């Protein structure tokens, strides 16, 4: 039976993620919660260029116990914004797995997530692509192997992106580097997103590079996370942890 | 007490490795076995620009039980060529650890190494740099995580290097790729050595790149290997294994 | 007054080019010639998500003297396929400038283009992006400056792209390199398009790299070409020539 | 007849440049002016590992009219430091061509160079490699072609290199970029030297990259400059100008 998904958020990234979900054979998109419900489209399926009627839009106010009984889902995928965390209480009552890709929670909001994770499995990762999480884990391992190497992070994005990328800051944190000194941000043209971690030794240089081609990578990551999360015991998880467990399982078999 | 090293080979790479060994505080270079003993230099120390007399040159014919009793070492580092394998019997009698960085052993020679490794620990790795071995291991792990990714290997070297690099072929083998189809060799100018493994997914690309700055990287790798090998039980080891064990130890602590 | 454009071709690339043209203040899209006129859309404007009615679709059979009198344009931009060359006779009668981005003309078709260019200015370039043409010209210049350098071309594209890229082959030809030996094609995942030309000298390496982010780059290039072509005397032009003239004009002022 | 060279400076870079000069068939190294004349070596030839006696060392104090008459040269190559500019008066009296690769002249010293260039041809370029100067010129041209592109400069060097590279600052100046905002300096391990100029457009990115393999590149550049300078009328020249003239000559023949 296919996994029933409730998607929160239908902005620039959310709608691309929706496209990926409806392409995935093992999943079905049950409904999409979005901020502004227009009269133009009642169904996400239409907004995504499909003829048939499925994945109706619903507003946050209408998400309640009754709605969830009538429109049951196995997993929530959240690409909206930090406000949606207030809906999580509803989901946890039904023990629905939650994948959150939101990056800027306040401390109070993180506390809510923590609390609800006692009742349902929640996976929270600000950057949910497989590639970036692999990059992070592989870099941490490399740093342990060659602790004396110098490390710099270079990230490149489109000209209008403000501030250093959240992903680069997270990598710096994981590698215990001062982001003000070791994160180098390049802003030019329309670069979708590139992260490079450079390890310098006296006689050799190692580079780990991740390049985003388009935002659909978030969809692939979220689908991977959702499949992994289904059936897990309540608790708070992250993509890094998921990959770390896979690393351990694989490395012992090599 | 510092580790006493016997070095075999004093060619282009061997002499750079010797320089690294004499810079290493925890090691001392006891002697150097080389093919042509000239009358110009009796000591490797002089050939390396040092004033004091140490690390005398010795020819392969003179390496025997008597010599090794008079000139005891804890570890042999071999950067000569496949012929030197015939000396290993002498070393194994004294349970001396052996680090071999030779790439082109015949099957008979590999058999000798295998036999002698019952008496002493032998670490054999054709490419002994930390960076390349990390690259290999990290790629294998990444392939397990994203088995559906397309993989290509690009290696760049100086114009006169013939054939695909042995390291690239080894990476292909480890990743179960047909080297004829997936190893791309670039030969231009004076590039010391660059290996890049490209993992392509529909929406993202990951690149792992290793660039050699100069051959002293082999010295660093051999020193690392020698320190690790000392005190190990007899057996056949490789740099990949050493790193794999380090990976496992680290990943479980993260 | 804005430049009136007739666009031929409305496939994957053509429709993105159309989007770029309607965003360009100095241009207006008069009509679009496409293969299959469906009853769903009468106007390209609708297919591009605009409410107003402009840029009607027309089929190739209906392009005739009468149509062009009723629907006059200043420039034709052709992103369809080699068959459309048979329409050029109609355009040249009216001295309409033609920008052709078609890559696979037969010799007969090239002859037609040649003939018609006696009556109207035609710019023909298989790869019409500014970046690629700059790359080509800069490489040719670099080769003249350092003729002894080794040169290799590396091109990366999505896994399903067959054969070496036409652009890479053209670069090889311009640099007088045997494409079978010096064009290296990497096919992985979803890479949009990357071309790198590596110049190797004994002590230094120079790389010129062009990365496509998306196909709209063709639109920018075609718009640049169309503006340049307007008012030129009849004749056959190419993007390389346009850039070469700009190079000369600029270099003498530096 | 081969070109007679007087070399000033025999430090880390100077001695490598000397090696390149003695390898060059069309040149002969007449003498080398160095700061500290030791009793160990009377001849640069010995310090460079040659058996024969040539290229005697001379101290700056001994460079006078008499010395230059006895030891005539066609061209001076200066890799010492800004102090040596005080010797230029001697050279200009004999109309000897001067190639200066010094980077940190004071305004007074630049004035001296200017004055002496009325009597002899002087080529002054802080970074004298062909590659870097080509990079600079090609970037300036590209900026003229696509003036709306965003530009960033990334330079990578060994960990101990202080401050932004002089070359990167010069590139920024030539491209009219604020170096504080647009030069990004990466310091890790033992990277010899890498400069990358990134041009970002909405739909495409162009990168020009120069990688130094070792310092002998300065020798190649100085030799190229010296050959070009011989026979020129007195005046002040730069590598950029030399390349610019070559560009113009080539582009008109393409």
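Per-chain numbering from 1; labels A, B, C and D assigned in written order.
The rule is simple: contacts are C-beta pairs under 8 Å (C-beta built on N, C-alpha and C of every residue); 3 or more make two chains touch, one makes a residue touch a chain.
As the structure is a computational prediction, the values presented were derived from the model and not from experiment.
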item	value
Least hop count linking chain A to chain C through chains in contact	1
Comparison of A-B and B-D by number of C-beta pairs in contact, larger one	A-B
Where chain A and chain D are represented by their mean Cα positions, the distance between them in whole Å	51
Centre distance in Å when chain B and chain D are each reduced to the mean of their C-alpha atoms	38
Contacts with 2+ other chains: residues of chain C	189-191, 201-205, 213-214
Contact set on chain D toward chain B in their complex	189-192, 213-214
For the chain D and chain C complex, residues of the former touching the latter	129-131, 134-135, 138, 140-142, 144-146, 201-217, 220, 243-244, 246-248, 250-252, 254
Chain C to chain B touching residues, read off their complex	149-152, 154, 156, 158-159, 184, 186-191, 198-205
